[in-house]
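Report on the following structure.
To keep things simple, chains are lettered A, B, C and D as they appear, and every chain counts its residues starting from 1.
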Amino acid sequence: MTRNWTFVIAAYSLTWAVILGYLVRLHRGRRRAESAYDTAMAETRAGDR
Amino acid sequence: MDLQSDLPIDAIRVARRFGSKWVLRGVSLRVHSGEVVGLLGANGSGKSTMLRILATLLRPNAGTASIYGHDVVSAADEVRRTVGILAHAPGLYDDLTARENLRFAAEMSGLPTTDLGSLLGEVGLSEVADERVRGFSSGMQRRLAVARLMLRRPQLLLLDEPYSNLDSDGIVLMNSLISRTARGGGASLIVLHELAPASGILDRTVTIVDGRIAKPEKPASYRVPVSAAGAIS
Amino acid sequence: MVVPRPGAWRWFGVFAFAFLIFTQTLAILTSPPDRDMGDLEKILYVHVPAAWITFLSFFVVLAFSARYLWKGREKDDLLAAAAAEVGATFNGLTLLLGMIWGRPAWGVWWTWDARLTSTLVLFLIFVGYLALREFVDDAQRRAQWSAVVGALGAINVPIVYMSVRWWRTLHQIQSNPNTMDPAYVLGLRANAFAFLFIMIYFIHQRYVIASLQRATEHAAEAVALGGQQE
Amino acid sequence: MTWNEDWGRISAIARKDLITERRSKAGFNSVAALGVTMLVLFGFAFGPDAQALRDAAAGALWLAILFAGVLAFNRSYQVELESGALDELLQYPGARWTIYAGKLISNLIFVSLMLAIVVAAGIVLFQIHIPSAWPMLLVTLLLGIVGLVTLGTFYAAMASRTRAREVLLPLLLFPMLVPVLLAAMSASKALLGGDLMHEASAWIRLLLGYDVIFLVAALFAFEHVIEV
């Protein structure tokens, strides 16, 4: 049964790697999207003048 | 919408982009019954895009347009019954003969397929009626496309550089179709590069500059060719 | 378009992750080793919830795709896309966890049973869905096409499952909570809820990114049209 | 919008497509040749043992038809995209599903003819004994083709108008076709082996159900696919 612990550990590390990896991806994507949005809004205000 | 909603063309601030590039930035255009209007502008100024929107082939990203009171997005089917577009590409099937191409158009429009021979005669294609379109010159293909337009008798003609590749006979043919449509209460919007072939039939021109209609009173950076400008009036 | 701003959602995310850590610890510590499988059963607490979440998120894709086709609202398109991406992520995870489970339990990395095979086909369907979104540039066209592809793909999933099951009925009958030890059931349910919260948080985050991008385009539109828009 | 008008459009499109295909014979010939070539390659993969060949025959036949079919579906829209004919097609008033129905009919005839050639080649190359239940086999072939063409014609309407049509069509289509291929292969294999387990009829029912579901879905959804 000791051999099975490798599989259990592999499964849990994989799960956390995928979930945290996706979380990081989302956070980066969000930061990029927010800065692009703020830039675009600044241009809009500049265009109004 | 308003009292003039049955105008042949009533476009309000039509805008369209491709990717992030805005080709039309709010074009408002009205065309009245019986009018023949030329649409001018530099290459890439959005003239063809405007025609395609009015013909329901593209949807505007913003703004509205209606054809005889029918919205080009929500009432596209009604618009298609009244509009005929002559696009850049002839839209013919290379492996069908001229007659078969016309018959296909008639069947698709629910029209009788009996008078195709005389129609082909009218555009001067009788002799090649049963030859495949693949061997046609671009002028002959243009004539066949004109015949297809005549077959469907649209109330509103949307013509994209209709004179390109046409000889003088072809130009006369084209102009007679345009003026016949105008006399019958229809209208035409014609994308033009040079005004000369259309000089006798245009009522007015509008110019698209930078995705908008240039104001007629203050001339924009776009110059109408001097030789042609005299012919408008 | 209204841009969703963070607020309560940030706390929801913190809660979802805290809850997941809690339920996984609980499941690992409290579940007794299985008579036949030993400690291997602990994989189930991640594998089974991941599989449930996969199917649930694709049901979400179907729902939003159908509503997009019905009402034509941009929001539904973005939500369907977000759910598809999250679902495909969990789908890939499910498949890999299944292999990690299958190797010690059955002696093979892969077997062609109905659940495994239809999960793989589902993954391929939604890889196609995401590829279609990549390859279509026009926003309206992309929305319409992917809504249709998403809806048809979701319709296909039960048919795939049925056909693969007929093709090969080899493996264990679907385990049903009544026959299982209550200790496992509690662990599974708790983890399923934790995964559900994570899924909701991910879909929302992905949706926020997409709407920010869309709002950026709309802002550029206002500039391009020179204030003719109201 | 009478049924007559709709039928006029459907038959006009189907007739137009078939005439075009007949005149450019190269298209049909090369697609059919590809199907037969695939069979030969499958023969190398599974042969030369006669029994192994017979066991693999049903699968090889369907895969050959599938790959050749994908080419046919993209070609079917290629004709419209050349010289802007699709724009012209969309200019005609009337219901959009008629365009799909017309293309469906012409593709059905096209793929059925191809199937006849591939099956004839398969009977020779894979040393197939024609079973006594051949009418059932014919039904299986037809239902399988209908499923294949229904979704192929539908997805090609999208894929052929993207940058990556060669990759995108199989990527979208093949996973969707899993039930059709499984059912058609299993039923064909069972029937070729004499259907000792009486499983063919269950597969044929599955094929029928699949065909009906996706035919209806495609007819309804086509408008959303072609209009933009």
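Details
Throughout what follows, a contact is a pair of C-beta atoms (placed from the backbone, for glycine too) under 8 Å apart; a residue touches a chain by one contact, two chains touch by 3 or more.
Just so you know, these numbers come straight off a predicted model, no measurement behind them.
Across B-D and B-C, it is B-D that has more C-beta pairs touching. When each chain is reduced to the mean of its CA atoms, the one lying nearest the mean of all protein CA atoms is D. In terms of their C-alpha centroids, the spacing between chain B and chain C amounts to 49 Å.
Chain D has its Cα centroid 39 Å from the Cα centroid of chain B.
Between chain C and chain D the centroid-to-centroid distance comes to 32 Å (mean Cα coordinates, whole Å). Residues of chain B in contact with at least two other chains: 59. Contacts with at least two other chains are made by residues 227-228 of chain D. Residue positions of chain A in touch with at least two other chains are not found. Working note: touching chain pairs come out as A-C, B-C, B-D, C-D. Chain C contributes residues 137-138, 140, 217, 220-221, 224-226, 228-229 to its touches with chain B in the complex.
Contacts from chain D toward chain C in the complex involve residues 155, 158, 162-164, 167-168, 171-172, 174-176, 178-179, 182-183, 186, 202-203, 206, 209-210, 213-214, 217-218, 221, 224-225, 227-228. By the touch criterion given at the top, residues 3, 20, 24, 33, 37-40, 42-43, 46-47, 50, 86, 89, 92-93, 96-97, 100-101, 103-104, 198, 202, 205-206, 208-209, 212-213, 215-216, 219-220, 222-223, 226-227 of chain C touch chain A in their complex. If you check the complex, the residues on chain B that touch chain C are 13, 15, 17-20, 22, 25-26, 59, 61-62. Here chain B touches chain D in the complex through residues 52, 55-57, 59, 76-78, 80-81, 83-85, 87-96, 100, 104-105, 107-110, 132, going by the rule given at the top.
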